[in-house]
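Here come two complexes built around subunit A, the first alongside subunit B, the second alongside subunit C.
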Partner chain A sequence: MERLEYEFDGGAPVAPRNRPTLTGVLGSGNLEVLVEPADLGGRVRVEVQTAAVGFGAIWQAVLADVFARWQVGDIRVSINDAGATPAVVALRLDQALSDHTGGGA
Partner chain B sequence: MTSWLEATARERIAGLLDPGSFTEFVPPEARITSPHLAQLNQPAAFDDGVAVGRGTLEGAPMLIAAQEGAFMGGAVGEVHGAKITGLLERALDERAPVLLLLESGGVRLHEANAGLIAVSEIMRAILALRGAGVPVIVLNGGRVGVFGGMGIATCLCDRLIMSEDARLGLSGPEVIETTMGVEEFDAADRALVWRVTGGKNRAIFGEAVLVPDDIAAFRAAIRLDPVPLDVEAEHALLGARLDRFGAAEDALDIWADLGIETPARLPLLDTDDFLSAIEGKLA
Partner chain C sequence: MKEWNRLGQNRAARMDRAAGLARGKLVAPGDIGALLTRVIEPGDRVCIEGNNQKQADFLAKALAALDPADVHGLHIVQSVLALPSHLDVFEKGVASKLDFSFSGPQAARLARLLSSGQLKIGAIHTYLELFGRYFTDLTPRVSLVCAAAADRNGNLYTGGNTEDTPVIVEATAFRRGIVIAQVNEIVDAVPRVDIPGDWVDFVVQSPKPHYIEPLFTRDPAQISEIQVLMAMMAIKGIYAEYGVRRLNHGIGFDTAAIELLLPTYAESLGLRGKIATHWALNPHPALIPAIEAGFVESVHSFGSELGMEDYIRARPDVFFTGPDGSMRSNRALSQTAGLYACDMFIGSTLQIDLQGNSSTATLGRIAGFGGAPNMGSDARGRRHGTEPWLRAGREAGQDGFRGRKLVVQMVETFREHMAPAFVDRLDAWELADQAGLDLPPVMIYGDDVTHILTEEGIANLLLCRTPEEREQAIRGVAGYTPVGLARDKRAVENLRDRGVIRRPADIGIDPKLATRDLLAAKSMKDLVRASGGLYDPPAKFRSW
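== the complex of A and B ==
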C-alpha cells in the first residue's frame, strides 16, 4: 500500500456548510472518494491510500486534469483505492465532485 | 423500477427510506476504519463496509444497517460488527424496529477472532430484540447473498425478504466443494447453487418472502409486527424437515416431492408466476 498527498491551487471555494459526501465503493479495481469542506485558503488537498504501489506520477497527472476542469477550492478529498485504472479514477472524481457540489461548480 | 441487486448499500438505504430521512451514525468522515486491515497493509473503507443509522419508513421511525457487498464481500470485521451490534443495542433501548440490509460472505478472515466475536455479538443482540418483541427484518437481494455467520444471524430474525437473485446459506458453495468434494456440491454449477441456496427455494421452505429485484417491492413487503420466538417448535420443524428431505440430492427432488408440477421450470418463472406455481405446496 502507498500513501500519496497532493495539493492544487483550486478555484471557487465550496460552501463550508456542504455535508461530507462519500462516492464509490472500495471494491477491486474501484475506489471511494470522500469530499469534505476544509479551510485551506482556497486550495484543494488530496490524500490517496492505494493498494497499487509506484503510480504517484499517474495520480498527479489524473488529479491535475480533474482539478483543472473543476475549479473548486477549500475542499479535502480523501481517496481509498483498490487498483482503479486512471479513467475510472477520473470518472469517479467527476461523480464525487458533482455529488458534493449538487451537480454544478 | 430500481434494481436492488445493482444498487450500492447507500443507494439501497436512500431508495428504501422516506426521502432525506436517513441520518447516519459513525459516518465515513469519522474515519472509524479497521485497525486490522491497516496492519496487513490493505486499504480500509471509511465506513468499514457498513452504513448504520436512523430514518423513517412511511413516517415510522426505524433503525437501519446496510452492508456493502462490493467491499471485501460484505465480510464482518471488528468495526463493521461493532457498528451493527451498537445499532441493535440502541434498538433495544428505543424499542425501534430494525431493518438489516445484508450482503455478506460472513466473517472477515483477515480479522479472524475479532470478526468471529463480532458476529456472535450480533447474534446475541438480535436474540435480545426477539425476546423483547422488537422486530428485526432482513432484506437480502445482493450479488454476494448472505452466508456464514450472517446466514445464521439472518435465521434468528423475525422476517426475511429475498429476491430470487439473492442466496442464503451457511457454508458457501466453494467452501462446501473445497471441504467435501465436487461430488458433494459443484460450486461451478450456478443453476444448482441457485436452486439450493437461492430466494425461490427459501420461499418454498417458508423461510423468505420472495419479491422481484426492485427496491420498491422490498419496501412493500416489510411487515413490522414481531414474530413470537419458539425455539423448541423451530427445532421440531427443522428435525421433521431433515427426516423428510434429508436424502434429497438436489432441490429439484424436494420440489417434486412437494407435488409441484414440472419442477424444472421453477427457476425460469418470474416472481408472480412462481408464487402461483408453488401456492399450497410449501414445505
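== the complex of A and C ==
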C-alpha cells in the first residue's frame, strides 16, 4: 500500500451544505472516491490510498488534469484504489465530482 | 534417363512398409506408433494439423512418443502450436526445425526451447503466407489431420471446424505425400464430404474426441466501462463515419464490447443496415444480440466456436452451412475475405511504438500472430471500390485511383499491472535479436495502421503528412504513459483542431454515459437468452 497526498488550486467553492458522496466500488482494478466539503481556503485536497506502489507521478498528472477540468474548491477527496488504470481513475473522478456537485465539468 | 516420378516411388515405398497395418484405410489406435514410424522418414517435412480450435491431439501425442532413433530431424510446418505435445516433439529430438504462424498458449516454452538450441525457427508466418508455402517450398511429406468423422473409404466430415484441413490435405495429397486423419467416429455415411476419401491414406479413430478450444468466447460480465467507452468511440467515430459494412474483428474484450453495443448504442444512432453487415469472423457468441437485432447479413468463418453449433444451424441465412445444416468454415478462404473483401480490421494489441508498429510479442514469449497481419494490412492488389475504402484513400492523400483498408488498433493506454501499451521501442526487436530471427515479429506495420483508438481519443494516421505529425498524433492518444506524457502539447492541440485527433467530446460522446447498461448482454446467461436457448456455452463459462 502507498499513501499519497496532493493539493490543487481550486475554483469556485462547492456549497458546504453538500453532503459527502461516495462513488465507485473497491473491486480489483477499480476504486472508490469519497468527496466531502471542507474549509480549505478554496483549495482541493486529495488523499490516495493505493495498492499499486510507485505511480505517484501518474496520479499527479491525472489529478491535475481532472481539477483543471473541474474548477471546484473547498473539497476533500479521499480515494481508495485497488489498482485502477488512469482511464478508470479519471472516469470515476468525473462521476464522483458530478455526483457531488450535481453538474457537469 | 531422367526419373520423373521419384515422389511417387518414394510414396509407394512408404505405403509398402505400412502394408498389413491397416484394414482398408482404417488403422487401430494401438498401431498408430508403428504406422508413423513406417511412413515417416528422418528429415521429413511433417504437418500436424494445429488449428485455433480443433486439434489432432491423438496424432500429435503419438508423434511425440516415437523413438528418435527411428524418426528424427523432422521439419514441422504447422500453423498453430496449441498443445504441449506440439513442443514435446522438439524436446524429445523427433523434430528439429519449425515453420509456424501462432503459438499463443505455448509461447513461453517455445522461447525456452529456442534459446536452449532444441529447435530452429525458419520463420513466423501469417496463415495465408504459411499456406502459400505449403504449395511452394514447404509442402508437407506427411500430414496428420483431424476430422469429426470418416467413412470406411476415408471420406472426411470436418464439421463446423473445417479450418485448415482442406489446405493441408490438398498440398500433401497432390504431391504424393501421405495423409493420416484422426477422427472422433467411423460411420457408414458421413453427413457431408468435406475431404474426398481418395485424398486420405489412413484413418484412425481417436480413443477420445479431439480437443477443441473455445478461443473466441468472451464473458460479457468482464467488459469494463472503459471498453464500453472505447466501443462507443469506435462505432460513432469510425464505423458510422466511414460507413463500414464489411469487416473483421480481432479477438478480445475490446471488440466484444463493440459487438454488444450494436443493438443498443449503434441502433440508437440509426446505424442498423448501414454498418457491420458482412463479416469475416469466427462465430463469436457476443455477436448473437446483433444478429438477433437484424444488424448482420452474413458471417463467413475461419473456424467455428464451441457451443454455437445449434445456433448456427438455426440461422442459415447468416452463416455458411452445408446441406446437412452444420457450418463449413475454412481458414484460408476467410483469411482471403479478410484481406481482400473487408474494408476494415479492428483489433487489440499489446504494444504500439511511435511509428504505429503494433506487436503482441513480449520478452520471453514467441507468440506469432496468426491471421492479424493479413486482415490488418492494406491489400495492394485490391481492385474494387467501396466508399469506406475510397474515402480512406482520399484522406491519405493518395492519387485518386486507389483506396486504403481501414486498419484500427484499439488499446487501453495501460494494460493490467500498469504496463504501458505505448512504448518507445517494441519488445519485438529484442526478441528478434535473442531468437536470431530475420525480422522483428511485428504484427501490424505502422504504415498499414490507419487509426489508433484509446480511451483518450482516436488518432487518424491517414491525415498525418509527416513522420513528426504521426508521432505527435500517437503521443496525443497515449494518455499518461511515458510516451503520452512526452507529447508536444501545442502540436497535439493543433492536430485536434485539424481533426487528426478526436477526443470523446469531439465526436459527441460523454464518457460519463459509458456504462455497462449499454451492453446488449451483460453475462453469459444473457447471451443464452438472446439466442433463444440455442447457444450452449462450454462448462467453464457457466456460473449458473
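Side notes on the structure shown:
Everything that follows uses one rule, which is that the second predicted complex is superposed on the first by the 103 of 105 C-alpha atoms of A that agree within 3 Å, B and C clash if a C-alpha of one lies under 4 Å from a C-alpha of the other, contacts with A are read in each partner's own complex, and residues count from 1 in each chain.
Note that a residue touches a chain if its C-beta (ideal position, glycine included) is under 8 Å from a C-beta of that chain, and two chains touch if they have at least 3 such contacts.
Please read these numbers as outputs of a predicted model, since none were measured by experiment.
Once the two complexes are overlaid on the shared chain, A:62 sits against subunit C while remaining clear of subunit B. Judged by the touch definition given at the top, the superposed model places A:94 against subunit C, while subunit B stays out of reach.
In the superposition on chain A, A:85 makes contact with subunit C only, not with subunit B.
Contact with subunit B, but none with subunit C, is seen for A:26 once the two complexes are overlaid on the shared chain. Once the two complexes are laid over each other on the shared chain, residue contacts for A:71 go to neither subunit B nor subunit C.
For the contact definition in use here, the subunit B contact set and the subunit C contact set of subunit A share no residue.
The part of subunit B that touches subunit A in the complex is made up of residues 8, 10, 27-29, 41-47, 68, 70-71.
Taken in their complex, subunit C has these residues touching subunit A: 224-226, 229, 412-414, 416-418, 455-456, 479-480, 485, 511-512, 514.
Those residues of subunit A whose C-beta lies close enough to touch subunit C in the complex are 29, 52, 55, 58, 61-62, 83, 85-88, 91, 94-95, 98, 104.
Those residues of subunit A that touch subunit B in the shared complex are 1, 20, 22, 25-27, 30, 32, 34, 36, 49-51, 78, 80-82.
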